[in-house]
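Two complexes, one shared chain (subunit A), two partners (subunit B, subunit C).
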Partner chain A sequence: MNVAFFLISLGCYFGAVFCHLMNLINQRVWARQWGNLLTLSGFIFHTLALIVRLWHSGHIPIANLHESLSFFGWAIILFYLVLEYKYRIPSLGAFVLPLALVFVFSASMLPKEIQPLIPALQSMWLGIHTTTSFGGYATFAFAFVAGIMYLIQENQLRSKKIGLFYYRLPSLEVLDDLIHKSLVFGFPLLTIGIITGSLWANTAWGSYWSWDPKETWALITWFIYAALVHARFTIGWRGRKSAYLAIIGFCFVLFTFLGVNLLLKGLHSYA
Partner chain B sequence: MVKKLVRFFSSLKLTISLLIILALTSIIGTVIQQQQNPAIYVQQFGKSTYQILKILGFFDLYHSWWFITLLALLALNLLVCSLRRLPRDLKLILSPKVKITDNELKSLRPQEKISTNLPSVDQTLEVVLTALKNSGFGCHHKVKDEGVGWYLFSERGKLGRLAFHITHLSIIIIFAGAIIGAAKGFKGFINIFEGEKGKFITLQSGGQGMRELDFEVECKKFEVIYYQDATGNPTNRPKDYKSLLAIHDHGREVLAKEIEVNSPLNYHGIYFYQSSFGEIPRLTITVKTRQGEPIGSFDVWEGGSFRFSDQNGQQTQVTLLRYFPDFYMNQNGQVDSRSNVPNNPAAFLEIKPANDQPQQTWVFYRFPDFPHGGQTDYRFSLTSINSGKKFTGLQVVRDPGVPLVWTGCIILIIGIIVLFSVPHERLWVVIADKGSGQEIMIIGNTNKNKPSFQGRFAQIVTNLKSDLADRTK
Partner chain C sequence: MEVIVFGLNHKTAPVEIREKLSFSKSQISYAHKECINSQIVQELMILSTCNRVELFAVVNSTEESVKALKEFLAKFHHISPQILDDVSYFYTQKEAIRHLFRVACSLDSMVIGEPQILGQLKEAYNQALEDRSIGSWLTELVERSFHVAKKIRTETGICKNAVSISFAAVELAKKIFDKIEGKSVLLVGAGEMSELAARHLLSNGVTNIYVANRTHERAEELARQFNGQVLPFASVKENLELMDIIITSTSAPHFLFNKEEVQKTLHRRKNRPLFFIDIAVPRNVDPAVSKCSDVYVYDIDDLQMVVNSNLLERQKEAKYAETIVERFVEQFWEKLNSRNVVPTIVELTQKFEAIRQQELKKAFSKLPNLSDAEREVISCLASAITKKMLHDPICLLKKKSNCSNTAYYIQAAKELFNLDGFKRP
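On to the complex of A and B.
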């Protein structure tokens, strides 16, 4: 049941990405409307899939790679819908939805059976730690996308040629502000994610910090964003420098999430 | 000189450089496995590279002198930076400047000038106060200046001004907790058999030392529950494992608690965490006399022993020195076990008669007729291998720094949320009496999220203007 809902949502997201890309190329209003309708439908089915999965397994469905990728995509879509409802940033969907689709699609390629939890994961911290961490990751995805859009837009302005995207991308101010907002939400979420993780580690393993690769990479990511936050808010590194750092920061996020599990050994090897 | 040092240690460039250096160097420790046996490193990197990496501290990077120095520099940087700003920020929120000077008036934005021809200053003041109240700002201080008119001041989100200091202080608190933990705590593990007691902890850091607890821990019961498969048969995936532990202090049982993963036992600040479990098999050794008369069967596990006596009351002690579930001779001609599967179980026994030299012998489960018993008057055989004696693996930790670390973490979470979401907004209003009417200056200032503040500021100005217009009619 949850897998069926999940696959329907995946189909909707494919359609949504197609429509948003059409909108980016053709500037058709219907394409954007259909794109958002499909995104919303996909999101509803995706949410149902998560709820059914939660119901069947009895734990928050963020306990293996399929579940975490799926939840990561879900969180990005959720934040996108909120932003679209509140600010309607032009062409944001065409850039952020493909990213979400990559995660949801990768999730669909992995084994989808519900697996029983190993004893260490049976804790109320599972829900708090994973949702705050992935909430932070998903927020940083917007800083990343805004960073890319910023660089494209700025490139066009510098070349003084009005290129394909000029009117279709938001202004530099809007993009810079989106980076700002992502950091304002993402950095506290990442901080809470790391702290709840170490609280949990302390009750499960008797040590709040063991320099396990996952922990260390989360801290590395935190260092990078801390540097970005200080540079932005205190020295006033806006614009291009900020955009580059937002893109680099997200690469660290991706490595913390996926690279560590796939390439390095450690305590988080189940996720 | 001191000034230069203070400036260096409070500089933001230092903060950002330290954060980036810490991030990049931390990567090394995730690529090279930490705290391994030196032999493994030599094999992996070769002798000379090993020496270089060892000097650089790459095998225990996060505890190396230079990494600790970087963290200490970061802490110092935070502290100096905060202390340098603290007096100014405290002054700002404790004794706000109500009478704004001309210089400040010039530099602060946004600002707006409104003229009105209301007959008296007091009437204008009344309108302004109402408008401020409606805007949610209110008025915290007002001062009458005979020469000019009225100075009004109000502010919101004072905490937002302090959040910077709270956040940075919390990180110092966490560091302090970590230092206390490293200096006064210990971390180790102990395996205790079901029904037995233990008090010697094998320490994990600082070599392989032991630590004797001043009390004993008993594992009264140990239990593993496995997940079931679709047909209801147990799988080999543990669902839960728990130990019923009891603390014996000065020979008296003082505390008993069932622990499981995620739920430890605490006695006098020493925590026992359920971390692993295991089992060693129970072997049955059957003893007969050389003539074949049965004496008895005895259960024993590796390291354990049993005694029996002959008809004259002479006692013999038998110890199970080693057990090999899958006995074979390796290429060096040494005995070893090929696997943990009991394909060819073998036991190595030591037999010690009451008044004779101890002798050693092998017994094989598959070869009961193998000559076994040596020069003694007895014959031994390994008659069964049973699922045996369970032990619980406990992580034992004492970390007096933990409360401080959690305090720091909670303050950090609160501080960081306030820091990003509560701006310190200030609003000044100067009503200058010009004889035939008044001139109102409104000046605003915020320490973050300027666009949103400017929007609300413009709204206040618009509302005030229309209120004034209503009154003049």
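On to the complex of A and C.
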């Protein structure tokens, strides 16, 4: 049941990405409307899939790689829908939805059966630690996408080669603001994610911090975003520089999330 | 009944002729009444702007009416009909509908997507309503054209991007700052173009305008106009950090702003973006300034380039708009034609019904002893026969209602069934 819902939502997301790319190319109002309708329906099915999965397994469905990727994609879509409803930033969907689709699609390639929760993960911390971490990751995905959009638009304005993107992308101010908002929202989430992880580690492994690769990389990521937030508030780091850092930061997020699981062995290898 | 357009526009006639043929408001009113009273046309609406003079009319016979309209126009404006032959066009039927829709959507304008034409069309329409020169056909057509224009405006980008240099500057400012309300603008030098750009910025919500000029009086005059403040020319550089948009247009032979100074200013304003609009020739802002990050420098050529690419963008959108217009033309054409067929179908069924009633009466008078049930059966039989006989002709008429030769089928039906009674031999 949950797999069926999940696959329906994946189909909707494919359609949504297609419509949003159409809208990016020819700016048709209907393409955007269809894109958002499909995103919303995909999101509803995805949410149902998560709820059914939670019901059947009895734990938060973020306990293996399929579940994490799926939840990551879900969180990005959730934030996108909120942003679209509140701010209607032009062409945001065409940039952020493909990213979400990549995660949801990779999730669909992995074994989707519900596995019994291994004893190490049976804790109330699981829910808090994973949702805050992935919430943080998802907001950083927006900083990343806004960073890319900023660099494209800035390049158009600076090189004075007025092209397709000049007309389609929002203003620099809006993009810079989106980077800023994502950081202000995502940074505390990541911080809480790390702190709860550390508290949980103390009860599960007997020590707050054990330099497990996941912990190390999460800390590096945290420092990057801390530097970005700090520089913004003190010396007015903004625009192109924050855009670059937001992109680099997200690469670290991806490595912390996927690279560590797939390449390095450590306490966090549950996938 | 047919819809026609007769007229001329900026593509077919030079301004010397257009100005001779243009109508003033009272002239339009007179012409409306004159043409309707003399029965040249059934309905009429005259649209007269600086780029076009067009007569939209509903007529009984196209050729006669076009000839009469041409003569009327020539006589009215005292020019020879031969000149009119060379510069005018006329469209009938579908082409006429398409032409009106394209005019309303500003697809036929000199600058594609300019918004004035719709207002002018509305004025012409109201005038025609006032003069009672417009009937149900034109009313419906013109109202429809307003609807199409609205649709095009919202669904395509033909009127989106700026096509003048001063508007392009405002648009660029919006691409950088998003909202320009509350931003500060500095005018250095007081040229006509910079004044225009400042005016557009003001109407887009900028409130703080500073003016610096070598001659103090001129600066004060401008500042008064914009409700702004005068900045002594010498103190421009110290106050640069307060500004967001700087419009330069002095005749200074050297650069007023160089990279090092701007870089310093940027530090002081925590890298908030600066936008230089350099309208002066020779330029007032060193091109190297644009190497600073978060600083954008547009000179007059850059602005022109933006305008050009905006025009290209509009043309692209216009192509899409044409397909939408075409869809509406087809729709309206079908409706008009089905309206052409409907009266014939009604006449046809009425005639058959009359025959049925008549024959039933005859039959019943010959068979007085029938029971009600028997009468009912016979009545139904007659009704079924007429219906079945009419079924195919009606279907054919409906099917043919949107081809080019509808009139031919209508005529055939009328003659075959003698619908016009004994008027026709």
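FYI, the second predicted complex is superposed on the first by the 270 of 271 C-alpha atoms of A that agree within 3 Å, B and C clash if a C-alpha of one lies under 4 Å from a C-alpha of the other, contacts with A are read in each partner's own complex, and residues count from 1 in each chain.
Note that a contact is a pair of C-beta atoms (placed from the backbone, for glycine too) under 8 Å apart; a residue touches a chain by one contact, two chains touch by 3 or more.
Bear in mind the structure is a predicted one, so any value in this text is a computation, not a measurement.
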Superposed partners subunit B and subunit C on subunit A - clash or fit: fit
First (subunit B), second (subunit C), both or neither touched by A:Arg158: second
Contacts of A:Thr216 with subunit B and subunit C, given as first, second, both or neither: first
Partner chain in contact with A:Gln27 - subunit B first, subunit C second, else both or neither: second
Residue contacts with subunit A in the superposition, subunit B compared against subunit C: B
Which of subunit B and subunit C A:Arg238 touches, first, second, both or neither: second
Touched partner set for A:Tyr167, first subunit B, second subunit C, both or neither: second
Which superposed partner A:Ser123 touches (first subunit B, second subunit C, both, neither): first
Subunit B and subunit C, minimum CA distance [Å, superposed model]: 9
Intersection of subunit A interface sets (partners subunit B, subunit C): 177, 235
Of subunit A, residues touching subunit C in the complex: 26-30, 153, 157-158, 160, 162-163, 166-167, 170-174, 177, 235-241
Residues of subunit C touching subunit A in the complex: 154-155, 157, 160-161, 172, 174-179, 269-273, 290, 293-294, 296, 298, 302, 305-306, 309-310, 313, 320
Complex contacts: residues of subunit B adjacent to subunit A: 12, 15-16, 19-20, 22-23, 26-27, 29-31, 33-34, 62, 178, 187, 227, 237-241, 260-264, 271, 273-275, 395-397, 399, 402, 405-406, 409, 412-413, 416-417, 420-421, 448, 451
Residue ranges of subunit A touching subunit B (in the complex, touch as defined): 116, 118-120, 122-123, 177, 184-185, 187-188, 191-192, 195, 198-200, 202-209, 211, 213, 216-217, 219-220, 223-224, 226-227, 230-231, 233-235, 252, 260, 264-265
